[in-house]
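As C-alpha cells, here come the structures.
In the two complexes below, subunit A is the common chain; its partner is subunit B in one and subunit C in the other.
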Partner chain A sequence: MVKLIIDNKEIEAEEGKNLLQACLDNNIYIPNLCYLHGMDNPPASCRMCFVEIEGEHKPVTSCTVRVKDGMVVKTDTPDIRQLQRTALQLLLSVHDVDCAHCPANKKCELQRIAKFLKVGLKPKRLELLLKEPEIDDEHPLLDYYPNRCVLCGKCIHVCKTKLGQPLLAFARRGFYTTISFYGEKPASDLNSSCKNCLACVEICPVSAITLKNDSDQIAEA
Partner chain B sequence: MDNEIKAQEEAMLKDIASQLPAFGKERGSLIPILQMIQENNAYVAPEAIKMVAEHLGIPTCEVYGVATFYNQFRFHPPGRHHIKVCLGTACHIRGGEIILENFERKLEIAHGETTPDREFSLERVACVGCCALAPVAIVDETVHGHVAPSKVEGLMLGFRIEKEKEEREKQENESGQ
Partner chain C sequence: MNLASNENPDQLFSAIYEEAKRRRNAFKEADVPKIHIGMATCGIASGAIETKNAFETVLAERKIEARIHTVGCIGHCYAEPVVIIDNPGFPPIFYHQVTPGKAKMLVKYFLEKGDPLFEHLLGAMEENDLIPAVTDFPRFRQEKRVVMEKCGLIDPEDIYDYIAEGGYLTLVKALKLPPEDIITEVKNAGLRGRGGAGFPTGKKWELARTAKGQQKIVICNADEGDPGAYMDRTILESNPHLVLEGIAICAYAVGARKAVVYVRAEYPLAVKMVAKAIEQAKDLGLLGKRILGSSFDLEIELFRGSGAFVCGEETALIQSIEGNRGMPIHRPPYPVQNGLEGQPTVINNVKTLASIPHILDKGATLYRETGTEKSPGTAIFSVVGDVVHPGLVEIPMGVSLRTLIFDICGGIPNKKDFKAVQIGGPSGGCLPADFLDTPIDFDSLTQAGAMMGSGGMVVMDEDTCMVDVPRYFLDFTQNESCGKCTFCRIGTRHLLNILERITRGEGHEGDLEQLEHLSEEIKKGSLCGLGKTAPNPIITSLMYFYDEYEAHIKEKRCPAGMCRPLTAYYIDLDKCARGCDACVGSCPVEAIFTTSNRKKGVDQSLCVKCGECVVACPPEYNAVMKVSPPDLAPIVERPVDD
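So, the complex of A and B:
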C-alpha cells in the first residue's frame, strides 16, 4: 500500500493499481465511459477520465496511469472540467437525444455524466450529426442503434472475455464508425453463443444494443 | 447473365483459396491478404472475408472491421460501366453532392455499390484535377464537365439506348443463325 493525494485528500492504494479505479474505489468520481474494472490495457478512447498529476505538464487519462507513491492528483480543476465538457458535447453531437423513448433513460451513463458536469444534453454550439440507418437489425437476436452508441467498446471487450473470439467489432471509421455483428451465424447457432449470454446488452451504458422485441419467437423457432 | 456472374464468382473464390496458403497465419498477414484479393478481383466479396477469417483463425467481424477501415478496399464488384463523381473542393462548392444523388437515385444504389445486374458501379472520388469544369463526373474513362441533373439523365438514357441496341443485335444474330 502506498499513499497518494487526490483532491487534497490522502488515500491509500496498492502500488501499480489503476489510478481511475483507485479514485472510484475511494468515492472520488471521475467521469468515464470506456473503462471496465480489470482491463489490462484500457483503450482510453472516451477521453473523459482526465486528471492533472503534479509533475506532468499535460492532463492525462487516469485509466492509463498506475498508482505511484506520493502521487498528487487533481480531478476537479477548471482545465480538466473544460476538457471533459468538450468531450461530452462531442459525444452528444452524434447522439440521438431522445431520452423519453430510450430504454436507458434514467440509468444512462451519458445522462449521469451530463448532470455531473452540468452540461445540457443538446449542446447548441455543435451541429447534430446522425448516422443512417437508425437501427441495424442484422443480428437475429439483437438490435443495434448507431445513434445511441458512444463507441466505448465495452461490448467488444466483454464478448471477447466471454467467448475468446468476439462476435462483434468496430467497423468503418471516423464519423461512420459503428459496432458490427458482421458474419454472425444464423439464429439456430446463436442459442449457445448469444441467447444465453447477452453480456453486450447488459454492459452497454447507453442501451445501444438491445434485445429484439420479437426475439423470444426467434429463439423458440 | 446470372450464370455467368455465378461462374465468375466461383472462379474468384477458388483462386483466393489457392493463394491463401502462401500467406502466414499471423494477424499481420490480414492486410496483405486483403490487398491481394482487392488487387486480383477489384473487390473483396463477403465470402472472401469469411475465407480470410478462417485462414487466420480470427472472427469474421474483425476482418470486416479492418477491411472497412481502409478506403482501398471495395465490397462490391465493379460494374461494366464505372461512374465516378468528384466531390473535391471545387465540385463540392458547385454541387457535386447533387450530381452524386442524381446518379444514386437513377441507378437505385448508394455510392460504393454496384447495380444487381453489374451494369453500373458508382463511386465518389476526391479531386480529379479539372476543377474548372466542376462539377465533374467520370463515366468509364470519359470526363464530363459542368454536369447538371439533365446531363445525368442524358447519360443514363444513352446507356439505355446502347444496351437496347446491343440486345436487339444479339437477338437478330441469334434468329439469323
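So, the complex of A and C:
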C-alpha cells in the first residue's frame, strides 16, 4: 500500500493501481465513460477523467495513470472542470437529447455527468449535429441508436471479453465513426450468439444498444 | 563491449566493393555518352517514360551508341522530366523539361553534332570553361545535400551503384564498433527526429537498447500523409539503400534483429524500390543472417499501409501492422518500452534513418558543422504552392524562410506578393511576412507558432484567403481523424463547420471566440498528436490574420476575393468594348447578357463565379471586375426583351 494525496485528502491504495479506480473507490467521483474496472489498458478515449498531478504540466487522464507513493492529485481545479465540460458539451452536441423517450432516463451516465458538472443537457453554444439514419436495425434482436451513442467502446470490450472475437466493432472514421454489429459473422448467426448474452445492452451507459422495440414500450408505458 | 564480428566484415565487403568499382569504371570509362533520366514518381508523372522511350528510339534509329542510366529524383520538380547528359568532351549537362521532342533534338544535335543546345540546358553539373554551371543558381549553390546527396544521380534499382559511391561502407564500419559507441556518436551529433517532433534520436535508441524485452524491433516510418509532402517518398524512390543502411545500423546499435519499413500503399514505386533493394542487399549478404560474416542478423520486412494519415502516428502505426484498426493508443508506455508485438521498438522517420550513415561516416563533429546548435544537420522540405521553383530542397538548418522561399525557390510568381507560408502540414501553422526572417529550425518554428513537421511547406500569395486555408486543413484533419477520442472526433467537426459558415458569409458574432476556445480545448484534451495539433492552422491564422476573419463576418467581405459566396463579378461598362462577345461564350451558365448599348452585363442571380469571363475578356479591355462583398457590384439591368 502507498499513500497519496487526492484533493488534499490522504488516501491509501495499492501501488500501481489505476488512479481513476483508486479515486472512485475512495468516493472521489471523476466523470468517466469509457473506463471499466479491471481493464488492462483503458482506451482513454472519452477524455473525461482528467486530473492534475503535481509535477506534470498538463492535465492527464486518470485512467492511464498508476498510483505511486507520494503522488499529489487534484480532481477539481477550474482547468479540469472546464476541459470536462467541453468534452461533455461536445458529446451532447451529437446527442439526441430526448430523455423522456429513452430507456436510459435517470440511469444515464450523461445525465449523471451533466448534473455533476452543472452543464445543461442542451448546450446552446454548439450546433446540434445529428446523424442519419436514427436507428440501425439490421441486427435481428438489437437496435443501435447512433445519436445516443458516446462511442465509449464498452460494448465492444464486453463482447470481446465474452467471445474472444467480438461481434461488434468500430466502423467508419472521424465524425462518422459508429458501432457496427457482426464482426466477421453473417447476420443470421447473431441471433443465437446474442440471444443469451445481451452484455452489450447491459453495459451501455446511454442505452444506445437496446432490445428491439424497447424504447417504444417505454414511450407507451 | 559487444563486437558483432567474429570474421572480418572488411574482407567480405571488399570483394563486393571491388565488383561495384569494376562496374562503375566500366560504365564511366566507356567512351559513349551517358544519359541519366530521372524516373521517380514526379519524373514519370511529367512524362519521363515517354522521354526515355524517345531516347531509345532515336538512338536506335540513328545507330548511336549511348548508355541510358535511370536514376531517381533530383528534387527539381519545376524542371521535370530532368535529364543529365554526360557526353565525352563535355561536362555533364542538366537539361530541364525534356519532352520526347527535346530528347530527339538532343540526340541529333548534341550527341551527333556536338551542339549542346544552350537554349535548353539549365547548366553544367560541374565548373568548366564552356557552359555555365548550375551552381550559378542559388537553388544549387545554397542547398546543402547530405541525405539527398545521391538522389537523382544513382540508379535506385542497382545496389552496386550505391556501393560504388561508398554505400554500405558505414555499416561495415559500424559492425566493428560496440553498439554503445554508435549510440554515443548519434547523441553527440545531436540528431533530432525528422518525423515531426524532433525527439533526440540517440536518446530514443539508448532507451530502446536498455529497455527490457525478448527482442527489439526497428520501424522506419514512411507513412508520409501530409498533403503536398513527398520528401520520404522521393528518398525511398531515389536511394532506398541509404535508408536500409541506416536501418541496419540502427538495428545493430539497439540490438534488433527485425525491422519493418512501413510505406503507404499509395506509393507503389517506393514500395517496389524498397522491396527490390531489400532483395539485393540480402543477396549480397548485407542483410539477413550473419551479415558480412558477423554474428549480426537482420530481417527487414516491408509493410504496406493503407494510407491513413493517422497511421503515421507511431502507436496507430503499430496497431495497423498488428492488423487492428489504426487508432492511436495512450502513451506512455512509449513504443521504445512497449511497441510492436509488445517489444521495445524504435520508430524513426525515413529522413532520420537516412542521416545515420553520413553521421557515422563523417563523425558527429563534422555533422554538427551544418545547422544550428540545437538543430544540427539539414532540413528537407517539399516547397509547393505559389513559388517559381517548387520542389524538394535540402538546406542547412538555420537558413531563413526568406532565403528558402525567395532565393532558393525563386520567390512568388506572376509579380504577386507573398502572403503566408504553411509549415508542418495540417498540424503546422501559417506564418505571415513578418516571420520571413525566422530561421528554419525546430525551436524557432515552434516559437513562431508553426512547426518543423516532416517537411511540408506551402507558400501562398496575396490571392489566398486566410480563412479558407485553415478550412482546407481542417477538412483534411477532420476526415483523417480516427474517431476514437471525443475532442478530435467531434471538436474538429465543429471547427470545420464554423469555418465553412464563415467562408460562406454566414459567420456571426461569437464565432471567433468559439473557434479560439474550442481550439485550445481540443489541443489540451485530445488523445494523440493529430487532435493536439489539428487546431494549429486556426490558432495561427487567428493570431496573424484576425482582420481577415472579421472582414468575413462583419462586412461579409473576403479580402483575397477567394470565397465565392462573398465575391461578385461585374463588367465595367467604361472599359467594355461595344460589340465584343468574348465573355459571352465563356460563361457556362449564360449569365452574361448584352446591354441596351451593346455592352455586357452579368446577371448576378445566375452567375456561379467561376471567373471564366475574366480569362476570356481581351487584355486590352480588361473589363471584368471582381469585388467583395458582392453588393459592391453595380446592378446592370438585363434589357426586357433580351
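Simple rule for what comes next: the second predicted complex is superposed on the first by the 202 of 221 C-alpha atoms of A that agree within 3 Å, B and C clash if a C-alpha of one lies under 4 Å from a C-alpha of the other, contacts with A are read in each partner's own complex, and residues count from 1 in each chain.
As a working rule, a residue touches a chain if its C-beta (ideal position, glycine included) is under 8 Å from a C-beta of that chain, and two chains touch if they have at least 3 such contacts.
Everything numeric here is computed off the predicted structure, so don't read it as measured data.
Chemist: Any idea whether subunit B or subunit C touches more of subunit A?
Modeler: For subunit A, the partner with the higher number of touched residues is C.
Chemist: Please work out whether A:173 is in contact with subunit B alone, subunit C alone, both, or neither, and reply first, second, both or neither.
Modeler: Both partners.
Chemist: Tell me the contact category for A:10 with respect to subunit B and subunit C: first, second, both or neither.
Modeler: Neither partner.
Chemist: Thinking of the overlay built on chain A, is A:40 touched by subunit B (first), by subunit C (second), by both, or by neither?
Modeler: A:40 sits against neither subunit B nor subunit C.
Chemist: According to the stated criteria, A:129 is in contact with first (subunit B), second (subunit C), both, or neither; which is it?
Modeler: Second partner only.
Chemist: Now for A:182: first (subunit B), second (subunit C), both, or neither, which partner does it touch?
Modeler: Only subunit B is touched by A:182; subunit C is not.
Chemist: First (subunit B), second (subunit C), both or neither: which does A:165 touch?
Modeler: The answer is first: A:165 touches subunit B but not subunit C.
Chemist: Mind sorting out which residues of subunit A both subunit B and subunit C touch, each in its own complex?
Modeler: Shared contact residues on subunit A (touching subunit B in one complex, subunit C in the other): 169-170, 172-173.
Chemist: In the complex of these two chains, what residues of subunit C are touching subunit A?
Modeler: Interface residues on subunit C, with respect to subunit A: 308, 325, 327, 329-330, 478-487, 489-494, 497, 514, 517-518, 521, 524-527.
Chemist: Taking the touch rule as given, give the residues of subunit A at its contact with subunit B in the complex, in rising order.
Modeler: Its residues touching subunit B are 165-173, 180-184.
Chemist: Contact residues on subunit B for subunit A in the complex?
Modeler: Those residues of subunit B that touch subunit A are 49-50, 53, 58-65, 68-69.
Chemist: Spell out the part of subunit A that touches subunit C in their complex, as residue ranges.
Modeler: Those in contact with subunit C are residues 41-48, 50, 58-59, 61, 64, 82-83, 86-87, 90-91, 93-94, 125-127, 129, 150-151, 169-170, 172-177.
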